[in-house]
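Heads up: the structure comes next, in structure tokens.
Order of writing sets the labels: A, B, C, D and E. Residues in every chain begin at 1.
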Amino acid sequence: MARTDIGPPDYRLMLPETITSNYGKWKYHEILKPGVMKHVSETGDELYTVRAGSPRLVSIDFIRDICDIADKYCDGHLRFTSRFNIELMTPKKENVDGIIGDLKKLGLPIGGIGDCISNIVHTQGWIHCHSAATDASGLVKSIMDELYEYFTEFKLHAKLRIAVACCINMCGAVHCSDLAVVGIHTTPPKVNHEKLASTCEIPSVIASCPTGAIRRHSDKNINSVEVREERCMYCGNCYTVCPSMPLADPDGDGVAIYVGGKVSNSRKPPMFSRLAVPFIPNNPPRWPEVTSILKKIVEVYARDSKKYERLGEWIQRIGWERFFALTNIPFTEQHIDDFTYATETFRATTQFKW
Amino acid sequence: MSDQASTELKQKIVDYLKSQGKAKNRDVAKALGEEKKLVDKAIGELGNEGTIEYLYLDGSYVKLKD
Amino acid sequence: MASDTPLLDELEKGPWPSFVKEIKRSAGKSPKAKDLLGVVEQSYKDKITHWKHGGIVGVTGYGGGVIGRYTDIPEKFPNAEQMHTIRVNHPSGWFYTTKALRTVCDIWEKHGSGLTNMHGSTGDIILLGTDTDQLQPAFNTLTENGFDLGGSGSALRTPSGCVGPARCEWACIDSPHLIYDLTQTFQDELHRPRWPYKFKIKASACPNDCVAAIARADFTIIGTWRDSIRIDQAAVKEYASKGLDIENLIVARCPGQALEYDAKAQKLSVKPQDCLRCMHCISKMTKAIRPGKETGATILIGGKAPILRGAFLSWVLVPFIKVEPPYTEIKELLEKIWDWWDEHGRNRERIAETIGRLGLKDFLKAVDLKPIPQMVYHPRSNPFVFF
Amino acid sequence: MASDTPLLDELEKGPWPSFVKEIKRSAGKSPKAKDLLGVVEQSYKDKITHWKHGGIVGVTGYGGGVIGRYTDIPEKFPNAEQMHTIRVNHPSGWFYTTKALRTVCDIWEKHGSGLTNMHGSTGDIILLGTDTDQLQPAFNTLTENGFDLGGSGSALRTPSGCVGPARCEWACIDSPHLIYDLTQTFQDELHRPRWPYKFKIKASACPNDCVAAIARADFTIIGTWRDSIRIDQAAVKEYASKGLDIENLIVARCPGQALEYDAKAQKLSVKPQDCLRCMHCISKMTKAIRPGKETGATILIGGKAPILRGAFLSWVLVPFIKVEPPYTEIKELLEKIWDWWDEHGRNRERIAETIGRLGLKDFLKAVDLKPIPQMVYHPRSNPFVFF
Amino acid sequence: MARTDIGPPDYRLMLPETITSNYGKWKYHEILKPGVMKHVSETGDELYTVRAGSPRLVSIDFIRDICDIADKYCDGHLRFTSRFNIELMTPKKENVDGIIGDLKKLGLPIGGIGDCISNIVHTQGWIHCHSAATDASGLVKSIMDELYEYFTEFKLHAKLRIAVACCINMCGAVHCSDLAVVGIHTTPPKVNHEKLASTCEIPSVIASCPTGAIRRHSDKNINSVEVREERCMYCGNCYTVCPSMPLADPDGDGVAIYVGGKVSNSRKPPMFSRLAVPFIPNNPPRWPEVTSILKKIVEVYARDSKKYERLGEWIQRIGWERFFALTNIPFTEQHIDDFTYATETFRATTQFKW
């Protein structure tokens, strides 16, 4: 029988020597240039980190390529960041250029450290998920191509974090990202009446709907359910519990854009991202409407924000009415909340801008 | 996971699952009037033995392996 | 000859590294990767996913760690009929030796498509695409080589933490060790789903929260300190002389209005009781300001994505706790939380939703904590009070 | 001899004027007032109210304006058995000639207890305590003398407004006239309850909101302006020379960060597009700063007390509207609102609750308004959107 | 038949001459001393206003007394404020002292203008209402006796507005007051089974309960309802629709104190008052526990606030944790919201004070 419950390898066996001997002793760091930083220890030791972007969906050959570089310059150690970037670390300043050169040879961008756009936290999409209302990897590639220079250069006043999720399950930190792209359905599930009873438990299906849109089929001869379409908000929860309720639809599916979220506690408490663009139909392979609106938002933010101001802090300062005006994004009835805490978002003051 | 769960308890669980089809650990514990921790442990062992398997879709359940 | 994948080919262009190129690299060796490319191209054409709900697949003894996946067009892409994912628990902090990584690659070359996500957004190594009959052998070889599976289903999910003291001067707790220790302690909870729904643990070693724990973890551990930030006045002078606008960029941005700057003397002082430990001044003047010495963590509860009752950010549960091995207090707290939730939670209800439904009061009683003002932004405004 | 009201007597002591003294003054002439004193003393002893639910009493043709009230201890205090209240609609701005006031006093001397509230918190003159058979005669004499009843029940309630241009330099609308005109126009709605619940209108002539309209009115009218505040620099200099700390007390407190002060030149300037029209700078520097010239009002909807779904402050509905007689646009808006609410509101559901339940979207459609960002603090964060 | 629907008298007939001729032309005002202000018109005219406190529950003789003063100095005109104060106005500066003198003779306090405590907005209580969980007039008298000098002198950095309501219907602006005292019940309704069926419609009674605590009596022979006490939050809505469900109870009734609300849009948007003290049993005739805790809060606020800072703005700046510490008020489980929007009040950041 196989061993079970051994847990992951001990991380201490994975650390490079300079880290082991300076663990917990770091004193300060400096960002030397895009994608390169130096940490200095109380012991006087230094550690240089080079950060490179990654498509995240990578082949084992890609990993082996990176391992080669790590073997060459970093004593066979490397790490990944919480946003899927690759980090190569060395105590030797003289190795930095070699690392950069070799990474570039692999076609990888150097950057993502400091006040810039880092890699996009994202999900499976059409690559692997049955829930997907859009693709994730293709969107990410298209967006990062468009915003490439914001990764490799310092063009912003603060970090800007983007997330892409292929459905509203939001596998990632989409709900608290500076910019977030979310796959959404806009058509109700199409019930497969033949299969439903055999694949799903009808009471669970009915119970799964948060708006109570699902009921037993009105024709008693059909052992299935029906959806009151006007009550459906396309959340997909019924589909999660029952495969016979798919929502995917070539025309109804697309993405929404949310903006202004953050996670850190720096200056302002964490904030949720909020709806900027309710719906853009899927337009693979490059989603040009999505990328251009994101670029527009980034440009306006870059120009209008103050130093150290995250996107959400900027919007908080100028007001949402100004945000919509500056970005030329139309404000629609979809922007107005109608979910559980809706009334808490209604403006209860005469303070607003024109 | 040092001490083994009693074979008696495991048998009771298997019998219960036979009658129920699928169940959540906490419902098994309630139905058998056993301490939840013991039931968790016994079910874990039944899993390692290949007697039961885990179901997931609308929540988590265990059932006897066909 | 015209390409089979004209749409995806578009995504090989442009400066950002291409996932399509990666799939193609694997496609050269793996028929499964090749057919995956075909399925995805089909999706790009049809603007619809071609994956079906996963059936129940897995390895003996575990209730998770594998995501079953089948295409709905197996007739066209038979090698992609089964495309299961294996979630492999990463080492704390995502540090690797190349040896360990190469081992994983070799195993995946043998037992799967050769495609991976480095990493999944919960933090696992995602091995993407294999057949049912390869699952057990792949798992066996992984464990032989010191790797184990991550979580899925209504279980504890793979905990993760920021790089912390391994490479960060601001770490207030040893996030990599804490995460490693918790992961090892709760192996049973990780592999054998039995709760109402998933449960996630994440730890960031300071309030910058570099693993987005507050947004993505039911149980959020964030390093902090109880005493005062420490200011090195000589270094303050240096920042000032290098032209940092301390008044406007640091003092004016302090959310606690805790800082005062004497521009003449180039002296920065803090009213420690007003500091909210937000990290701003520290982050921007790292050579001059550091966290206090009496370090520990704030524990928050309930972060999650929107399904079903809306997204939640984690809420303050324990404002300050010492974080030292063997982390007994934290583990006991977790057990109490799980007991209460397992008892009262409805199916597919995250802990935040159970708390929201039953009230924080009951929850606090169950986990033996006293109500304190730090738990709320402000007290209730309504008069609907139970006595 | 020992007093009959030892507890209430305590409340004759102390510097603040005493309501007990007032009841005693009336008790000298009115047996009803005397027995009221007894009932209240009994409550002070028993720590419990001695009033029962009111039965249906009123005047011919009206469904409101009178609150029926009976004591539960009539055997002890027979003169207080019936203790009905008459609500008399106040003149706009609560201005009176002594003649008008004395007339009301005389009527109440004849037909009631001689006790009043000047005023009730909705704004009516409250005539406190009379018998059923006195209601119609009292009403008849009141109308003969130019007074009419206020609202009660599920009807329009007595509208009220701040003193406005009658005595305030900041008034952006003519609140007394607007209130008078609306009250006259909607007499039918005021006297004949037919809606799901009560509906209140209040108007303040500037954002200082001196009638607390935003908190207490379903339909809240607040004066404002569209152009820029007007600054008189000579007067600014005067404030500065008299020692006002303009930088810290005015500029730094501006919520829009719209003000800039040149301390040397003693010059204050505004970025009009950033001004939120909060009134702070105007209120504190009234000789130097005044509202703009293009005045009108913001209309907000839904303010109310906590029963049943919690309290609400009114929400922005129309950011700017001109407010000029005959106020046609405002009246049409009111009619549309009532139509929708009367159609969709549940029993005892205020307009805010109906909107909360059915969504702002539907409501806006019904009242022909377009969604605009000024209506919300921020757009939705959840992804649960209807299309 | 009586005339109906004539509406209130035309306010224009009630205005003093100086107001009629300067209507809409006021230029600025000055606060001359406690309770006295001067308005100056574009025309050069001046108007002096003297404001006096009133118990609000007044006899017709009280009104006549005031009318006498108005006849003597103000050409027979006067007004009341939105907070029940009396205002006597005159264009003649020399009348001011006479007005003050005569008002003082009646025992009325002069003040309430500017940065001070004004009159308390309040309600009926045991004087007239069947819903009352406490008395209003007695509380107001006791509180204003205690805080008298804050009405007649300038001792604060901003206006401070107090409201008293005798039950949670909150007839007034209690939910948005700097300080609010609210009568509350803490025991469930006591059902009068004999009378219930004849006085009330059982389905409406059941439907009236927001928590669903009321159901048909479990004994089928009793045609009445019963209350699941653990679900009852003592809101009194059932009593409002059905007289046979009274909640009043000598020991269970008392008051709660809410703080930090405001209404004006000045600086900060309007704010709700929030729970400070969950329950103080009724202790008539003077409610000493209530008055002393209010005084304590006022004193701490007066000392610790900045100029122009309303009570709620002060608390927002220092934080609720500091408020509870400074005022020595214990924080309890009742302070934590468990109503509809409860989760929105939970603190989702590591930012707090010790």
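Methods note: a contact is a pair of C-beta atoms (placed from the backbone, for glycine too) under 8 Å apart; a residue touches a chain by one contact, two chains touch by 3 or more.
None of these values were measured; they are calculated from a predicted model.
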| item | value |
| --- | --- |
| Any chain that touches subunit E and subunit D | A, C |
| Between A-C and C-E, the pair with more C-beta contacts | A-C |
| Gap in Å, rounded to a whole number, between the CA centres of subunit B and subunit A | 38 |
| Between subunit D and subunit A, distance of the C-alpha-averaged centres to the nearest whole Å | 49 |
| Between subunit D and subunit C, distance of the C-alpha-averaged centres to the nearest whole Å | 51 |
| Distance between the centres, which are taken as Cα means, of subunit E and subunit B, whole angstrom | 60 |
| Junction residues of subunit B - those touching two or more other chains | 1, 48, 57-58 |
| Multi-partner residues of subunit A (each touching 2 or more other chains) | 1, 4-5, 168, 170, 175, 208, 210, 235, 240-241, 265, 270, 272, 339, 341, 348-351 |
| Set of subunit D residues in contact with two or more other chains | 207, 214, 222, 255, 276-278, 306, 310-311, 313, 381-384 |
| Of all residues in subunit A, those that touch subunit C in their complex | 1-11, 13-16, 19, 23-24, 26-29, 39, 47, 49, 53-64, 67, 70-71, 76-82, 84, 89, 106-109, 121-123, 125-132, 135, 137-138, 140-142, 144-145, 148, 168-176, 208, 210, 235, 237, 240-241, 243, 248-251, 253, 263-268, 270, 272, 282, 284-286, 307-308, 339-341 |
| Residue ranges of subunit E in contact with subunit A within the complex | 265, 269-270, 341, 344, 348-351 |
| Sites on subunit B touched by subunit C in the complex | 1, 24-26, 36, 40, 43-44, 47-48, 50, 53-60, 62 |
| Subunit A residues within the subunit D interface of the complex | 168, 170, 175, 182, 184, 186, 210, 233-235, 256, 258, 260-261, 272-276, 278-279, 317, 319-321, 323-324, 331-339, 342-343, 345-354 |
| Parts of subunit D lying in touch with subunit A, wherever the complex brings them together | 207, 214, 222, 224, 226, 255-257, 273-274, 276-278, 298, 300, 302, 312-316, 319-320, 352, 355-356, 359-361, 364, 371-387 |
